[in-house]
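Naming follows writing order (A, B, C and D), and every chain is counted from residue 1.
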Amino acid sequence: MISFESDYIAGAHPEVLAALTRTNLESLPGYGSDRYCEQAREKIRAAVGIPDAQVEFLVGGTQTNAVVISTMLADAEGVVAAETGHIGMHEAGAIEYNGSKVLTLPGHLGKIDPEELKTYLEGFFADENREHMVFPGMVYISWPTEYGTLYTKNELTRLSEICRSFEIPLFLDGARLAYGLESREADVTLRELAQICDVFYIGGTKVGALCGEAVVFTRQNRPKHFLTSVKKRGALLAKGRLLGVQFDALFTDDLYFRIGKGAIGKAERMKEIFASHGCRFALDSPTNQQFLILENAQMEKLKKELAFSFWEPYDKDHTVVRFATGWSTTDADLEALDAALGNL
Amino acid sequence: MISFESDYIAGAHPEVLAALTRTNLESLPGYGSDRYCEQAREKIRAAVGIPDAQVEFLVGGTQTNAVVISTMLADAEGVVAAETGHIGMHEAGAIEYNGSKVLTLPGHLGKIDPEELKTYLEGFFADENREHMVFPGMVYISWPTEYGTLYTKNELTRLSEICRSFEIPLFLDGARLAYGLESREADVTLRELAQICDVFYIGGTKVGALCGEAVVFTRQNRPKHFLTSVKKRGALLAKGRLLGVQFDALFTDDLYFRIGKGAIGKAERMKEIFASHGCRFALDSPTNQQFLILENAQMEKLKKELAFSFWEPYDKDHTVVRFATGWSTTDADLEALDAALGNL
Amino acid sequence: MISFESDYIAGAHPEVLAALTRTNLESLPGYGSDRYCEQAREKIRAAVGIPDAQVEFLVGGTQTNAVVISTMLADAEGVVAAETGHIGMHEAGAIEYNGSKVLTLPGHLGKIDPEELKTYLEGFFADENREHMVFPGMVYISWPTEYGTLYTKNELTRLSEICRSFEIPLFLDGARLAYGLESREADVTLRELAQICDVFYIGGTKVGALCGEAVVFTRQNRPKHFLTSVKKRGALLAKGRLLGVQFDALFTDDLYFRIGKGAIGKAERMKEIFASHGCRFALDSPTNQQFLILENAQMEKLKKELAFSFWEPYDKDHTVVRFATGWSTTDADLEALDAALGNL
Amino acid sequence: MISFESDYIAGAHPEVLAALTRTNLESLPGYGSDRYCEQAREKIRAAVGIPDAQVEFLVGGTQTNAVVISTMLADAEGVVAAETGHIGMHEAGAIEYNGSKVLTLPGHLGKIDPEELKTYLEGFFADENREHMVFPGMVYISWPTEYGTLYTKNELTRLSEICRSFEIPLFLDGARLAYGLESREADVTLRELAQICDVFYIGGTKVGALCGEAVVFTRQNRPKHFLTSVKKRGALLAKGRLLGVQFDALFTDDLYFRIGKGAIGKAERMKEIFASHGCRFALDSPTNQQFLILENAQMEKLKKELAFSFWEPYDKDHTVVRFATGWSTTDADLEALDAALGNL
């Protein structure tokens, strides 16, 4: 069945798979010390424009969030996030399992408001009871957000200024980074993001890899003995090459950006199709995830022809659903969508 | 300085101290296996009306919440609480440190709404993504709440029905239980509470003890190897007698209830004094904690004469403060309050 | 450089890679719910001879040990292992990070002695202070062990009997299971192992997969909400197909066993080569890992021609090193080894 | 029944109880910010001879070990201890519950050997696999040890030198510190200990307090936001006065040392009594705990007249038992012991 269920429905992008195949028989040392990991690190450093950035590879998104947050927070600290943030909602309590609280701020279509952040931080440090409370020790944002939306460069810069004035690192979850960077509405580059954030990750799983996320520590701020901390969390891959070879391929000939651009193109076309059928958007997303409000009976009918995701109930009779594009989305897929919507 | 800062400003109630003094030289075994612990357990079982209730003593409130919640939750579960609940706000992330998430519902003057709880639980179990989310595994309420308010018997019964229909235990934090039970507005007895809850605790620290909370498991539901789990959390007191003797005294000649009644009487008088001076109440509390909105300059002036607690900012010019009564509050203290307010 | 460094120096076995390539473009749902995962589960159930076995896929060995142990232990419990067990020595404290103690017994070439286990368990439950101690809640063994040795069927059966008499599950770490099963000295089959153990895993990473371990719960004893617990530990792979497709391939046409057999054949030849050069074995290993005691100067010289692993210092002048074979070891590799040893 | 079960069988030393009684009605702020806590800190700073030492009060020994160790270790680190150390044996896995491994060295009558420590540390940092292992991040010793033995000043100094050369803090568990300091065999003073250790605690529970341990950070090395970390672990006492008043009393007129001296005097007499009856000592302890090997039938007979502690089985027919003295041990108690042994 044609699927718009997510951006991780297919295997690896053909160029990534080719790289895995090409290098498959080479004897390589484990745990991320092989030449492909090093090569991928070098290419990522160049792409983000920070020659001494520290780049580490992990397997998946929840794992990456948990590892980064729990190794960077101090004992008394928690992480600030939008109430809709992935770490608070859909990671099964992974941050708390690592011992830290997720401190929530209101989510505005997935985004936190810089001034609300400032007010919260000022309030916290003025609160006479603060020693009995969890200290804000990091700010987590996702870009694109879980709702497909994007912070503007101004918003990001403002968040960064606030974080720095409170000496709190800003962590950007870039599970879908490519789809943000290639969005028509993006007004910030990868190099600028790298300057704005203290740590962020470049998502591979949702952008053409079989698995893998590349964490970038931008200010020589990688926690000490990081490999051991990763291992301790069960997150160290024995055949580290699996991550190195894939990221090496993703950062060769701009593949990462080409995948982003392709999926965005398909998403733009998908929006037109939905609009042409008078479908109701739950919100205006400029990236590869589109959220629609479907009448439940229609949703059930559509499910028989296409795969897509349940997002959340809207009201008794309607449901918010998600359609995503990715590198494997084809024009034929979109035509099938067009046809299926026409049949409703 | 005369203090209304909290209900734990003084040492032990004289009858508690007398019991400690009287038994001081006896040789007793450790870790809660002494005769006073057993005697106290027996008296508490009688008071709550459950002959086979399992009663365990712990040292403080945050510790008790962390031990009870973390030993009763299953791995995939978190605890549901009002967003203003003590476990979420003022326990420095103790629940999360033990690996579990606090799942928040709106707080209505410190209380969760039974129907909002039901809607949340139904929504959770209907959510197709629930396996990626923290399962609700317990409901935490405080009685009185952090705002001094009380659930009615109807509300408690409804919460209990909902919890049972979802097979989730209801846990009541009774750090200030005596002040609820003796409030003029309370319409529920200790025996009824014990029937309603699956587990609750009878607070000692804030009701005349030097330290100590008595956890009551009402349905033979004490976690297996509980003593070991307590020890593992650094919460097992070597001289368990310190808790046993105190609770034995508190449940002798109704001392626990007399302390509650006395403090409520003083609180009622305190309310009259505040009202007579035209002070503005932040909310209507029927228990021993009163919350006032003071103009900041007045607050600073009053601080020079009396001790009370900062609660939270109200607006730029006003602050919410808390005045509490306890067993050690005297008529003279209240007269001093009256005079000080008169001088403002 | 020719490498005997480990059994995970190469990528995927060609048949595994072919399966990944063949299925790469299919749209599949995530998180282990795809048809290849299901197919692989079915084949594994058949191979282990337990039609209702519960089979779950995880990414790596340390992760698998941590997930299985921490989800199966009760709060007061720890896991018993040989002092040389992988979970205690070389997993960076992952078990402890999940909150549980590793309780050690003497290691006899990597194995625990059943009678020493019995004595320990009897002693523990007779110890009057046991409530202040960590309860033994699981027994962990590896097969082959970290030293390449194998428990006999009799030893395994005895361990199992002891565990069952104390109602403690027996967990077998089969990271290198294939090399045990195909060893000339093995006197137990996969089906027998499955009957003996309460839970075990079939290692993929070291047996031809890019990554992946298949956990088998043999008695309907998979922890409740296991997927959520896996997610919470950052161990849930979004593209679960990566594991499903690989294990499907490994259990097609007996590939898993063929890989084991091939590597054992190479290891037997490798032993002959070492013996023919008068090399000193640190112990007699019947599986794919061989441990040699090299004079340090010789070791340094050999390192220039071949890659192998440091194991541990032997004395001031000698070092224990490890040579491993795998599916990618060739006759040419062994000839190069022969030649290199001849040159020493 | 007369009891030699432990040094925490009685309530508070009369001078401690008198202080609690005398201050009972004072209104004091909570959480360790009261004047008695401050006064006790000042007296302890003077007693240890470090004017800027940071002194913090906690409730019990296991709690103190867990809080100190888990707040001082870095993520990749564990704590080194003798295999018989309290933290590894009889604290129910509290260190592991906080996420850290206890790394064991052989125990020599409860002590670690400085040269074995050095060998271990050198070996660890030379191990090529160390990144997959838990880093030694602290050394834990107890003084007196769990076996009542004492490190000499030379041994302590050597341990300290080794720790400093590896930049690892030395933590001394002084749950029974007074009994070490007043032992005839002690050749080190409190001031010297304070110079030798990076952090240590002065035990109150076993030396005349109802509860309480005073942690001394000797080098401005108290972890940041320590109060919040304590609260997070459920270890912050609301009525901090209970600890402050008691330690103030213990460090007034040398009470702490007088208690130590008194108990040591009784222990010396107890040794003479055991010797005069030809009893067999399990080891030669110079402090307040004496370990005897009793024939099991005799042990059962003696149990009917006196209380003492099971320590560990010796062989099929004998058991090691412990007799302890404390401030509450009387000459009459010792005469009763003499008589009971005579009756055997």
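The rule is simple: contacts are C-beta pairs under 8 Å (C-beta built on N, C-alpha and C of every residue); 3 or more make two chains touch, one makes a residue touch a chain.
None of these values were measured; they are calculated from a predicted model.
S.K.: Between A-B and A-C, which chain pair is linked by the larger number of C-beta contacts?
M.R.: When A-C is set beside A-B, the one with more contacts is A-C.
S.K.: Using mean Cα positions as chain centres, tell me which chain lies farthest from subunit A.
M.R.: D
S.K.: Starting from the mean Cα coordinates of subunit A and subunit B, work out the distance between those two points in Å.
M.R.: So the centroids are 41 Å from each other.
S.K.: Roughly how many whole angstrom separate the Cα centroids of subunit A and subunit C?
M.R.: Subunit A and subunit C have C-alpha centres separated by 33 Å.
S.K.: Where in subunit C do residues touch two or more of the other chains?
M.R.: Touching at least two other chains: 76, 91-93, 97, 99, 131-134, 228-229, 231-232.
S.K.: Provide the residue numbers of subunit B that touch subunit D in the complex, in ascending order.
M.R.: Its residues touching subunit D are 1-3, 5-6, 8-12, 14, 17, 20-21, 23-30, 59-67, 91-94, 97, 205-206, 210-211, 228-229, 231-239, 241-242, 307, 328.
S.K.: So in the complex, which bits of subunit D are touching subunit C?
M.R.: 76, 78, 89-93, 95-97, 99-102, 123, 126-129, 131-134, 310, 312-313
S.K.: Per the contact definition, I'd like the list of subunit A residues that touch subunit D in the complex.
M.R.: Of all residues in subunit A, those touching subunit D are 31, 70-71, 74-77, 99, 131-135, 223-225, 227-229, 231-232.
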